[in-house]
Each structure stands twice: as structure tokens, then as C-alpha cells.
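Below are two complexes that have chain A in common, paired first with chain B and then with chain C.
Presenting the complex of A and B:
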């Protein structure tokens, strides 16, 4: 298997934690809320799923518990940031620190233990193709994530629900005036984002690298937040961005496998460096951000 | 809004003016709430709450030796938080102090690593200065990205912290590794002149604490008395007004990040030139993130931050104690820190709002918009 085949076949799996967390954060931000606690929500989801799967609860139940845990912690964010109108940046950071602390606390006795990942499901015929065949040989969660991406796009493009979420984020006063429950929509969006971050963490800990280590999320929650900006709040572009980061995080492995003499630390920081560079390129295009950005992002809503 | 959510969130009504009582009480109430919640967690975990309280909250004060460790720990937290608070007041969210701290430690270590034979009283001051410059340089990347490329400073500064950790690992496993260090990821031990002189004999408290206190005073003068500080605060409170008054936003971003990076870099330098005496992987136990909590808990006010830095240092030292004597995992410190900030953010809401339990209905809210 050459480097290209290696990256193509692993890209979607590597992208899935980014994708799930970013899709969740997309809904949160579209509703006008900035939740910077994704890293902590993912860490909590990861440890919960790991514990469930380790004790034989199975992957499905592990994901359910991770989603519930992420949603529960994100509701704490909702209570502080929406209920008490606290600064959303500070609240998100607090949730991040709290969630990472909880995950380390719960995971302490599971350090370096492993679980079994899920088998891959090959797409008939397409997975036999040369070079790109690996793309069509993925585990069930990757396939579901692709469907979820499509569903998210359709929701924002065609449904009233998508319109309501966007209205609440663009102009909460107007949305309130025409009778939409701004706070309730935002709370539900936050809980959804928390559940998605929980799923993302679960995927990272029980499927992608089925082993528990403190700090294993390693900035992926933050990159997911950056992905929402890269994708200029559009589902399709966020998907492409997640694939880019999946590929980038595999490049390190591919480079090491080919025996390139590059310090491993440089390869480990590649996703962070790419984030910084892409963030600079996309943000420099102020018109693009203004066109697709969320008008009242991060501002508390007061009647 | 549906009925359940009205019942769920009793309405917050804006006060006519900010409450001074609530301002002063908020951190105290937050601390009390965080202590109670975390003790509950320890009980659930099967730990003896009395032993934890004793180890965490009393033991740090019971001997001069352990209190001096609290002072030692408070130093970097205080310094970083003073720098960050200036930026936070200007609504510039530099959350990459961790990376700026690490770069400060790396820059400062360059002198003793490259010139291990050098002697003279100039070495440690030069290290502190170089460290501060290193921190400011690292922060200037974020400032450039924000001002020139319009990139979000939260994400850029955080990513740079993750890069800084990798840079530190690279140096300690590669070019800067002590050849006689049994393959441990650490630099050579620094020479005597590369160490900040001790302030109180018999303890590890050193002169950098005095520098930190002097800079805290400088931060107070800067924020409360200088025109530049005033411009920063106006920019944070009323960006539009600041714009009309001709206060440049770019200037505020550059200044905030450079001050924050300078302070964090200095703290990193003081850590390697002080208690550690070498560059190690574990130079920072999350000081850069804890300092964010210190800054908020101190009300972003230079005087308040002195108190909150001491509180946070007690939690660190007490957490270490509780790990030994009450078998509490060290991660409990991070849980405590996170819950403390959450509790503070809730209690500080009462500075500007008061609770009203009357069930306001949708219609009355429409008639009297606030």
C-alpha cells in the first residue's frame, strides 16, 4: 500500500471525530451561541464510551452514554451562559477545563487499557477499485456520519427547523418577536452540540484509537471549532475541512512509514500548524466571513 | 418561551447600577460553592471528606515550609493572570498563555544551555528578560494573525500553545537533552549564576516574587491611572465608542497580546531559573490555563488577582497534599478549577442582575422591553 492509498483509506475515519464535533458546533453557532468547551465535551464522551465498552457494554451503548454525557455537560454550559448570561468565552473555557478534568478523573484506572474496535463494512464493488477502493471500506460509524452530514445539509437548506435555528442566531430579537422561543432553541442546539461532541470523543476512544490515555483528544475539539470557521458555517465545506484534517493527521504516520527523517514532534504539530495557516487564509477574506457568518454569535439574548 | 423554561430560569432583572456587594461577594460565594460541590464528588468517590479538607485547605497554612510553597506557586499564576486580565478587559481573549509561558522558559534556558560555563550576576536577569521577550514574540504571532489576517485570537493562541508543547518536547528529546541525564527528557542543570537569588532562606521563594508584586502594582497603575489603560478598557466595554474616539483596535490587540505574552514569558523564565534550575517537560502544570481562572476570579482587577492567585496556589499545593494523604487523583485539581470558574460565572451574574421569581409571561415581557 503506498502513501496515497494509505491516506485515502484512513482519511474518513481520521476525519470522523473532527466531523461529528464540528457538525454539532455548527448547529450551536448557527443558533448564535459560541461553545468553546468542545475539547472537554469530547474528552468526557471519550472516557464514558471507553468505560462502557471496556466493561462489555458494547459500542452502541457506549456511544449512547457518551452522547448523553456530552449533552448533560453542555447543558451546564447552557445554564451558566444562557440562564445567567455569563460571558460565553469564559463559560466555554470553564466547561473545557472541567470536562478534561472529569475525563482524567474517571479514566485514571483505565490508563493505557485497550478495547476492540468495530469491523469495517465494505461497499460492494466500489471497495474493489484500485487506489480509491479503501475509501469505501469503513466502519459503520463513518457511514452514519456521512449520512448525518447529508442530513445536516438538507436540514439547513430545506427545512423550517433549519430556518428557525438560523433566525435565532442571526437576529434573536426578530425571531422572538415573531414568536420563536429563542432560549429554548438555543438550549436544544447546545444539547445537540454536546451530544455530537460526545459521539466524536467516543469514536476517537473506542474505534479510531481504541485505547484510553489522558489527554487523548489532543486539541481535536479546538480544531473542530476552527473547522466551523474554515467551513464558513456551511455543512459541505466543513465536511471537506474535516477530510483535510483527517488526511493531515495521517500524513505524519505516512511520512514515518516511508522513513522520512522528520522530527516526530513536527509531525504531531502539523494539524495545529495547518489550523493556524488555514485560519489565517480564510479569515483574511473578510467578505466571505461576513457573508456566511452568524450575526449575533456569542451575544447573550435579553428581551 | 414555554412555561417550563420560565420556571427553569427565574428571570434575571437588570440592576440600575452594578452591585458592589455582589462584586466583592461573588468570588467568595463561588469558592464556597465549588468547595461544597467538589467535597460531594469526593464523597461519591469514596474518599474521606474531612481528610481532603484538612489536606487541601488547612495543611498549606500549617507550616511555614508549606506556606512558602504556596507563595512559590502563586508567583507564576499571579504574573500570568495580571497580563491576561489587561487583555480580557480589552476583550482580547489570549488563552495561549501556556505556550507563551513555555516559550519564555525555552528562551531563558538558551543562555545556560549554550553557555554552561558562563559566570556573573548578569545571567539570571538576562534570562528573565530573554524569557519575557520570548513570550511576547510567541504572542505576537497571534497578534499578527488577528490584526492583519482577521483570524480569531482564541483559536490561534491555543493552537500555538499546542505547538509550543511539541517544540519543548523536541528540544528536550533532541538537541537540548542532557547527555549525562540518563536519557531523561530534560536539559543540563543550570549553573549557580543562572538561578534567581532566594528571598527567604530555607525556602524556595525567590526574588521573582518581588518582581511579580512590583509588576502587579504596575498593572494597577496602568489600568486605573494611565490613558493607555483607559483606552483599552473603553475598547472592551464600548467598542463603538472607542472607534468614534479614535482609539485604534489594532493597537489594543497588539498591546494586550504583547503584555500578556511578556508576563507569561517572564513567568516561564522565572520558573526554570527559580525552583526548577533546568528545562523540563513538566515546567508547566497548566499554569497558563489556571491563570485564566485566576484572572476572572480576581474580577480582572490587579488587587483582586493577587488574592485569587493565592487561592489558586493553595488549591494546587493542597491538591498535591490530598493526593498523598487522602489518595485523591491529581485530576481532581482540574475538576476543582473548572467548577470554580463555573461557580464564579454564575455568582458574578448577580453584580449586574437580580433574581425575580415572579412568573413573567410572554406578553408582559413584550409590553415592557428592557
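Presenting the complex of A and C:
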């Protein structure tokens, strides 16, 4: 396996935690709510999934519990931010820190333990292609997240549900006036975002790096939030950004392993630089940015 | 550099034992127990650096019982918050502080200067004060031995190391690993991936997989506190080894061994000296000879003749007749690192900023 094959085969799996969390945050922000607690929601999902899988509950059940846990914690955010109309930035940060603390508490006795990851499912024929074959040999969650990405794009593009979510985010007063339950839509969006962040954490802790260690999310939740913004709230660009981030971070490691004379500090910062630059260039069109930006993002809604 | 030899340790232990029996026991009998605080940057699990430090305190608890009170503060990020927490624990009456990471240096040193009645042991630093001792392990002695085993087991002739930060301590262990491997197979190569993080299990596993993709078939997990690298290697079927505490249970098939550290003799001697009032700050660099560094859980796959060779070298390191850093050694760029027949002094070993020939990854500048 050469460096290119290594990057291609690992890219999608590396992108999956970012992708899942960013898709969830996309729905939340599209509905006009800024939830900065993704890092903590991921940490909680990670530890819950790990505990379930460690005790033999299986990966599917682990993901279910992680999703429920993430949704439950994000509903606390919903109560404070929507119910009491607290500042969303402060509330999101607090929930994020709370989630990390909670995960450390639950995970105390599981520190440094490991579980078995899921086997990879190969596409027949495609996975035997030279060089690109590795792309078609992934675990089931990667395939499901690709489907989820497509589904998310289709929902925002073609369905009434997508339009309702967008209307609630763009102009909650107007949405309210024509009879849509703004608060309910936002609560459901927040719960969905929390569940997706929980799945993302679960993927990180029981499939991608099948072990639990306090702090193992290591800033991935923040990158997911950044991807939503740099991807200008468009599903396709978020997917592109996540893949780019995954590929470039693997590239940095592969470059070192092959002995290329590039400073490792530069390689470590490259994923951030490349993702910001590429998405920045794509989003350079001011008119498009204005068109895609969420008008009422972070503003509490009052009737 | 002042090396703490075994003889000195025994002398110190004996002296303080006597003093303890006669002086301090009497003097301290009615006093408060001695508060000992250990502060570490990562969570303490069943394995790893923090675990090894914490385990080093167990014999002290056993020996002194309720005459000592041990507090362990884990997962404390290096920086202003750590300074605050260390100041607080000393203000609470804990007079014996073990600062378990390089980044605690300045804060811990300030505490030691402010209050002469406090004794501070600081991991892997270079500052010394009358009541402040930096300490480090000669991991490189163990990584030399594992390099010999790795070379004997490697089929591809390529070894790898997932390493945290390009600091002298880690560069030294990689160099000794390479030299040990070359002692068995002169043309062997070592690739290094610097993850630039003390703690990011996902990135560490990616790094291990990147090395395996480059056909490295023995991987050195250099300063990772979780079994991230070890578990990825077991899954890929390549040999791996690590520092501090054994991770054999995470890789029952392909675990090559562990360069374990047992800090208890050093901690015990320091606590004894503190209680006797004879503590003197010194730079302590402890290895195989002091029984602080030891390779444990050797893989049964290492061929018997190589194992005999390794044991021979280990004995020579222990009695001081052999050092892994014995010339001639060339640097990775081809220039001379160490002249033939000379042995590198400890002061140079702890400040190494170049790789030996055979390490193919250029060092970040």
C-alpha cells in the first residue's frame, strides 16, 4: 500500500466523525439556532457508546444510546436557550463543558480500555480496483453517513420539511405568522443535532479509535462547527470540507512516514489551513454567501 | 549532572531510615501526616505515564501508612491553571509536590522558591533548586534493547515510531532504538511520525496505520498514554512496544515488550530525605542500573540467540560497562555525531537534537 492508497482508503473514515456532527449542526443552524456544545455532545456520545459496547451491548445499541444521550443533553440546551431565551453562545459553551465533564465522570472506570471495531464492508468489484479500491472498502457507518449526506441534501433541496426548517431559521416571525410552530421546529432540530453529535462521538470511540480515553474527541466538535460555517450551510460543501480535512490530515502523517522533508508542525496545521483556504475560495462569492447564510442565526425568538 | 546510583540510594535510604527512626519519627510523631501531591497532565488509567507515577507512590503509602496523605490530581492541563492548582495544594499543607510534566516547570519552581519547606520533584525538566529536583528515566537504555529484538523480528527491514513531540527525550529514545536495531541488522531503517500532541488517540492510530502502510513491521509507541498505537498494531498484525507500563493485554499476539518505569525507589528516597530534612535538589537521571527502567513482558517470538545477546547487553548496561551511545555514531545527514571509542556523557544525551543515521524521517526544525 503506498501513501496515496493509504490516504484514499482512510479518508472517508477519518471524515465521518466530522461529517456526522456537522450534518447535525447544519440542521440546528439552518433552523436559526447556534449550538456551540458539539464537542461536549460528542464526548458524551462517545463514552455512552463505549460503555454499552464494552459490556457486550453491541455497536447498534451503542449508537442508539449515544444518540439518545446526545439528544437528551442538547434538550437541556434547548430548554435554556429557547425556553428562557438565554444567550445561545454562552449556553452552548456551558453545555459543551458540561458534556465533557459528564463524559469524564461516566468514563472514569473505563479509562484506556478497548473494544472491537466493526468489520469493513467491501463493494464487490469496485474495491478490487487498483489505487482507488480502498475507497470502496469501509465500515457500515461510513456508508450510512454517505447516505445521510445525500438524504440531507435532498431534504433541504426538494422537501417541504427542508423548506420549513429554513423558513424558521431565515424569518421566524414570518414562519410563525403562516402557522409553523417555530419553537417546536427548533427543539426538534436541536435534538436531531444532539443525536448526530452523539453518533459522531460513538463512531470515534467504538469504530474509528475503538478505545475510551478522557478528552479523546480532542477538538473535533469545534472543527465540525467550523465546517458548517466554512461550508456556507450547504450540505455538499460540508461533505467536501470533511473529506478534505480527513484527507489532508492523513496526508501529513503519510508524508512523514515516507520521510519527506517537510516540518511536521506545518503538516499538523495543514488540514486546518487547506480546509479554510479551499472552502474560503469556494465561498468567496459574497452574493452566494449572503444567499446561504442563516438570517436569524443565534437570535432568540419571541412571538 | 548528578546521577543517582543504586549505592547512593541505599546509602540515602539507610541514613534517612536511621534518621527517620531516631529523629523525624520523634519530631513528627505528633505532627500532621506529610501531604504528598502528584499532579499529571493526562487522566490516570490502567496504563501509561500517569499510571506509572501514581504506582510509584504505592510503596510509600505501604511503608508510611497514615503518616503520609497522598493526593493525586489528574488531567490538569499545563499552564496557568496548573500553577493555580499547585499553589492551592501547597497552601492546603501538602509539603511534598511531584509535578508530573515538563510544562509544570515554571509554576512548580516558583512554589519551591517561595517556600523552602516544600520539596518538589519535577518530571523531565532541567531547572534545579535546593528543594527542587528534576527527574527523568533513561528510556533509551530500554529502547536500545527493544531495537535489537525489533531488527531480529522485522521482515521488511523497516521499523517505525509514532512519537509525540520532537523533544530531546523522545529523539534520544528513537536514536537508541535505531542503534540497537543496527547492532543486529546494520542496514535497517526507522521512520518516525510526529503527531505533535501528547494526547490524541485517533491521530495516533492514524499515524500507526500510515507507518504500517509504508511497510514498517515493528512500531514503537513513543510516549502515548493510551493503547491507541498498540491496539492498531495488533489489528494489523505487526509488532509494537511502548513506554512506562505494560499494554500486553491490548495486544496479546504482537506485543514485543514494555520499557517500564518503576519510580518507587526514587520517590521513597526523596520522601525519606524530606522527612529527615536532608533533601538536596539535584538533576536525577535514572536507568537500568537503578532498577527504575526495565524491559518487561518480552514477546516469546524473539529468537533465543537474540534474546541471549539482549540479556548480555542489558547486564553490561546495568553494570555500567556499555552505553548505547558509544561511537562511532553518524548523524542522519552523514556528518560525525560521536567519534569512535568515545561514550556520550549524560549531559549531551539529554540535549540530543539530531537523529542518527538510519532514521529516514528528517527532524522538524
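Brief remarks follow.
We adopt the following convention: the second predicted complex is superposed on the first by the 271 of 303 C-alpha atoms of A that agree within 3 Å, B and C clash if a C-alpha of one lies under 4 Å from a C-alpha of the other, contacts with A are read in each partner's own complex, and residues count from 1 in each chain.
Following the convention adopted for this analysis, a contact is a pair of C-beta atoms (placed from the backbone, for glycine too) under 8 Å apart; a residue touches a chain by one contact, two chains touch by 3 or more.
In this text, all values refer to a predicted model and were calculated from it rather than measured experimentally.
In the superposed model, A:14 lies in contact with chain C only, and not with chain B.
By the touch criterion defined above, A:104 reaches both chain B and chain C. When the two structures are aligned on the shared chain, A:136 is found in touch with neither chain B nor chain C. Residue contacts after overlaying the shared chain place A:76 against chain B, while chain C stays out of touching range. Using the contact criterion defined above for the overlaid structures, shared-chain residue A:265 touches chain B and also reaches chain C. Set against each other, chain B and chain C touch different numbers of residues in chain A, with B touching more. In the superposition on chain A, contact is made by A:216 with chain C only, not with chain B.
Of the two partner chains placed around the shared chain by superposition, neither chain B nor chain C is touched by A:50.
In the superposition on chain A, A:230 contacts neither chain B nor chain C. Residues 104, 214, 218, 263, 265, 268 of chain A touch chain B in one complex and chain C in the other.
Considering their complex, residues 1-3, 5-6, 10, 14, 17, 104, 111-114, 117, 204, 208-211, 213-216, 218, 220, 249-250, 253-254, 256-261, 263-265, 268 of chain A touch chain C.
Contacts from chain C toward chain A in the complex involve residues 42-48, 75, 160, 166, 191-197, 199-203, 205-207, 209-211, 213-214, 216, 225-228, 231, 235, 250, 360-362, 364-365. Contacts from chain A toward chain B in the complex involve residues 36, 40, 76, 80, 82-87, 89-91, 93-102, 104-105, 108, 181-184, 187, 214, 218-219, 222, 225-226, 229, 263, 265-266, 268-269, 272-273, 275-276, 279-281, 283-284, 286, 289, 302-303. Taken in their complex, chain B has these residues touching chain A: 1-2, 5, 8-9, 12, 14, 45, 93, 95, 141, 145, 148-152, 154-156, 158-160, 162-163, 166-167, 169-170, 173-174, 289, 292-293, 296, 329, 331-339, 341-342, 345-346, 348-349, 353, 365-366, 369-370.
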